[in-house]
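Read through the structures below before going on.
In the two complexes below, chain A is the common chain; its partner is chain B in one and chain C in the other.
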Partner chain A sequence: MTTSNPTIRRAVPVRREISLRMREALHGYAFILIWVVGFALFAAIPLYETFQYSLNQVSVTTGSIELSFVEWANYSRAILTDPNFIELLIGYTIETLVSVPIVLIFAMVVAMLLNFDFKFKGLFRVIFFLPIVITSGPVIKELTAQGAASAPGIADVPAVIDFLEQLPRALRSPTEYLLTSFVLILWFSGVQILIYLSSLQKVDQSIYEAAAIDGASGWATFWKITLPSLSTATVLNAVYTIVTLSHFSENKVIQYIYAQTYDIQGGIGYASAMAFIYLAVMILLLGIVYFFLSHWARRGSR
Partner chain B sequence: MMKQVLRHPLVERLRSILFGSRAEHGILFKGMLYALLITIGFVYIQPLLFMFVNSIKSPDDLLNPMVQWVPTQLYLGNYEKAYRVLAYPDTLLSSILMSVMPSVLQTAVASVVGYGLARYRFLGKRLIFVLLLATFLIPPQNTVIPQMLTYRNLGLLGDPLALIIPAIFGQGFRSAIFILIFYQSFSSYPRVLEESARLDGATDLRIFFIALPSAIPAFIVSFIFSTVWYWNETFLTVIFLEGGVTTLPMQLSRFTQAYENLYPPGTVNIFDRLNEAVKMSGTFLNILPLLVMYFVLQHWFVESVEMTGITGE
Partner chain C sequence: MFKKWLSRYTGNRNRGINPKGFHVSQIKFYVLLIPLSVIMLLPILFIFSSAFKPPDELFAFPPRFFVINPTLKNFTDLFAKLSTSGIPVSRYLFNSIMITLVTVIASIMVSSMAAYALSKKKFKLKQTLFAINNIALMFVPIAVTIPRFLVIERLNLLDTFWVHILPVLAMPVGLFLMKQFMDGVPDEVIEAAQIDGASDWYIYRGIILPMIRPALATIAILTFQAAWNNAEISTLYINDESLRTLAFYLGTLTSTTAGANTVAGQGIAAAAALIMFLPNLIIFIFLQGQVMSTMSHSGLK
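What follows is the complex of A and B.
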């Protein structure tokens, strides 16, 4: 009797502990349930279905969808026979790889400028965040069509055209893209500036004071303190930039895929296969950029 | 000799004005700062200015090569035409509805999900975050076709519900970002307050409502960004709403066609043909509501990130 009593006393709190944990977990699941259902209905199942389409020849008749299994034919067609798709994909890769560093550097510079104290700060902030509001597909399209998005007048200067012609082929299209869409690239930096700015404001000011007392120059302070403290924000911004550029409705690859969906020659199956190839390329790009940046971030924090 | 000159108080004073001292930045620094700010500001403003100036050019001014930045007269004819072509009152109203309704729902659901992720420990939380990231990364064209076919079968294609239902399930446009904003916001809610409420016998739902006011900045920021992004989104709206509802950006993307329906090219005189001035008027009318909203709410945009503290640690 005396030996069993303590064990019972100990067992009761343990059981309560477990049930409390269970209770907490169940309540947690209740809060996120709607999202999990939504994820299944609007992300996982459609993604799986799209993958199925990509392995089939899909024909849509009124009310029903007919699938005939073609294995990987849609994929091989996109990669091997379609002359446009691969070219668009390469263009997209180059444009993204050119844009990301520009957006990052530009956003970082603007954020650092806005972090100083000066007059009319509010006005400049309002101007710099304007692109967040108005960067939509049709607006950008109209602006580019009217030539308002290129670096003002630079791409038409004869000397620049000559210079472009002398460049090796591999460098020519990125440079050309840079000149014609420079303003456009900058317009994609709004949110990134916000993120950098908030990171900068979180840096402990006493670190800068200590560095100044030790006689560090502004240059050294930037490389040793500012840049390392922005590494998380940089990774975040890089991912955000790539995703925004890749989802942008005026993106040529997306437009091609969309056009092929309703095309007699293309069809849903073919468009789905291209969508998956595009997704793979995008993830690859994210992976490359993420690898380099996180490598750099780890080295910087050491 | 040289050293003496450099040590002279006047020279030192001049140097501190130019290059700055410990307490203040110098004139050179300030000059460079303003030069940079103004240049970058100009790069941002220039397309808008270009758009506005061109939108008030009369057909004569458009043809006149001398007129670049200053039109000879304020000509509002382009706006009249663009207003009609865009069917402005109707499209404006549906644009407002189609961005505000999903935004409200999306923000509400994101707050619930974000709260669940921030305040409870449960198995599989990491997985949820990975899946959240996945919904942010996966381009819409990888999931949109089956959804469209389902909506078609249900007769919901062209119906506002097609855009609203995903928002209710936390799968609206960029929902993942808003869930993360609320996650950050609720994570910083003191556990002591939660526990004292629990001791007073509050249920979990009640505690959620007690914690809600602490997330007011997150609500405002999410709602504003959500509205702007829904407004500007055209890929999904074109697929889901085509044939039923027409938003402003949708109408802008088929501006040429709509113009020629209203003013058939063969029947109107040369001055009433579609020109870039009319197109720019249409574009300007398209962003005007957003500009108004931005200038009214600019404080919330500018300080949004500081208020919600989203930097993704």
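What follows is the complex of A and C.
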């Protein structure tokens, strides 16, 4: 029997070898597979269908949805004839462009303060992380319902009215927004503070020591060491801020799109088109912010 | 005993964040930080205070921040309403707890695995997938409601328990944040583990996950809130009353269509908002210790 020649038994059928790179890729796909399936079903496919709706006049009858192809009519209607949409979009753009720098600067300052050594530092970190439970969910809804999220009173103070009238037209509404919603903007900085803090802690302390030995002032250290090492975190924070601001449930553009979805005059097709225009504006904003920040980051790292 | 338990589970114990002593030079930090932290605490105080406001204070103009004559009437109104409910409130509560629990655990697993692949593995579709995720991240969720309804209908998921969980599993924000945090984990750590013969699964479970604990805890808080406060799914995809969530139920109590008059409704809404908010706060207190103490120490110089 084969016992006389054990090597024959051990011989394995020739297996098709897969390369290391292929295996690496397969492992990658294995890890991401569940996510891809879920994402495709509940996000990608709906997104694609929404795009189709935006090119159609959609009418919902009992049990079925009828589409009639209208090309880009929904888009041109939103951009050219809708009296409210463009105005809301401009308002949103201004608000975002005002809020993002404030959130970033505020988060950066707080993160740096929280990175120093002092008693009760842990407690303060918790307090500044708290906004994460405020800005989503029932709290912010209750606050805006009660009118506590903004300070509309400020805009009625005579001195403020005078001040606003002195300003050139283009600066007036951003300033007014800034004054009335300053506190609200600060509430959006919980996660951002965390991201800054974690990247501050990754900065090698020996760089600071070397700078101190060379006689660098605190001011110079901030501009030459701290700020450049926060550039990646800044880009990330900017993206996160824009996204949370634009998905905020009290956002006026979102509320308008929502109202139009179930409106007889509007309809699903029209609302879908507006959603895509909104997306385009958001991507544009992100592009602008990203361009400036990455430009600055490159200069900083030089 | 209780104090020990509390400090163990809320991360209250000294993990070396706080320096031991207090020094006069630290005063400048307090001068800056205390006013700012008051601003951060205001909303929490507000939600507590308005739950105890009598109607005339709720409707006062200009709105007052703190309650002057605290009353429990809002709560008694709320509980009176709860006892008249057709389906026991515990049913809604159980649904909410189950759904939230499963969603948080499953969604963290799914998106952290995906983030690991996107951050540390090399394969062809990597960039494309991340780009698609980023677009989805920015897209208005309400615009996809109707197509999503159709998908769910085709999958026969309407009126099931799973419809609460499956659609929210692939949370783009979670994947985005986790991938960014994992990018911060140095490749050298993983290479070292690979040389020592660690499998992919071990690297993910044993190295990556512990290192990004702050991100995991952050995503857990965010997901918890999204799941716990979600009333939309109950409205859109569920017809069976016994499968709906507490958030939905409390929402119906306070809306005017339920026959409540607006004045009483506001008071009940304030009390309900506090009750809905408390679990968020509790989860936050439990998880913040994770976030704060282990903030990405790579151990690599």
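One rule holds for everything that comes next: the second predicted complex is superposed on the first by the 255 of 302 C-alpha atoms of A that agree within 3 Å, B and C clash if a C-alpha of one lies under 4 Å from a C-alpha of the other, contacts with A are read in each partner's own complex, and residues count from 1 in each chain.
Note that in this section a contact is a pair of C-beta atoms (placed from the backbone, for glycine too) under 8 Å apart; a residue touches a chain by one contact, two chains touch by 3 or more.
Given the structure is predicted, the values throughout are model-derived calculations rather than measurements.
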item	value
Clash-or-fit label for the pair chain B, chain C on chain A	clash
Partner chain in contact with A:Ile288 - chain B first, chain C second, else both or neither	neither
Touched partner set for A:Phe118, first chain B, second chain C, both or neither	both
First (chain B), second (chain C), both or neither touched by A:Ser198	both
Partner chain in contact with A:Leu130 - chain B first, chain C second, else both or neither	both
Partner chain(s) touched by A:Leu171 [first = chain B, second = chain C, both, neither]	neither
First, second, both or neither for A:Gly38, with chain B first and chain C second	both
Touched partner set for A:Leu20, first chain B, second chain C, both or neither	neither
Common interface positions of chain A, toward chain B and toward chain C	21, 24-25, 27-32, 34-36, 38-39, 41-43, 45-47, 49-50, 53, 65, 110, 113, 116, 118, 122, 124-134, 136-139, 141-143, 145-146, 148, 183, 186-187, 194-195, 197-199, 201-202, 236, 243, 246-247, 254, 257-258, 261, 268, 271-272, 275-276, 278-279, 282-283, 286
Complex contacts: residues of chain A adjacent to chain B	21, 24-25, 27-32, 34-39, 41-43, 45-47, 49-50, 53, 60, 63, 65, 109-110, 113, 116, 118, 122, 124-139, 141-143, 145-146, 148-149, 152, 183, 186-187, 194-195, 197-199, 201-202, 212, 232-233, 236, 243, 246-247, 249, 254, 257-258, 261, 268, 271-272, 275-276, 278-279, 282-283, 286
Residues of chain B defined as touching chain A within the complex	22, 25, 30, 33-34, 36-37, 40-41, 43-48, 50-51, 54, 109, 112-113, 115-117, 119-123, 125, 128, 131, 134-147, 149, 153, 166, 168-171, 179, 204, 208, 225, 228, 231-235, 249-250, 252-253, 255, 276, 279-280, 282-283, 286-287, 290-291, 293-295, 298, 301-302, 304-306, 309-313
Chain C to chain A touching residues, read off their complex	14-15, 17-19, 21-22, 26, 29-30, 32-33, 36-37, 39-44, 46-47, 50, 58, 62-63, 65, 110-111, 113-114, 116-118, 121-124, 126, 129, 132-133, 135-148, 150-151, 155, 166-167, 169-170, 172-173, 175-177, 180-181, 184, 200, 204, 214, 218, 221-222, 225-226, 228-229, 269-270, 272-273, 276-277, 280-281, 284, 288, 291-292, 295-298, 301
Chain C contact footprint on chain A (complex, rising order)	21, 24-25, 27-32, 34-36, 38-39, 41-50, 53, 65, 110, 113-114, 116-122, 124-134, 136-143, 145-148, 153, 183, 186-187, 191, 194-195, 197-199, 201-202, 204, 236, 239-240, 243, 246-247, 254, 257-258, 261, 268, 271-272, 274-276, 278-279, 282-283, 286
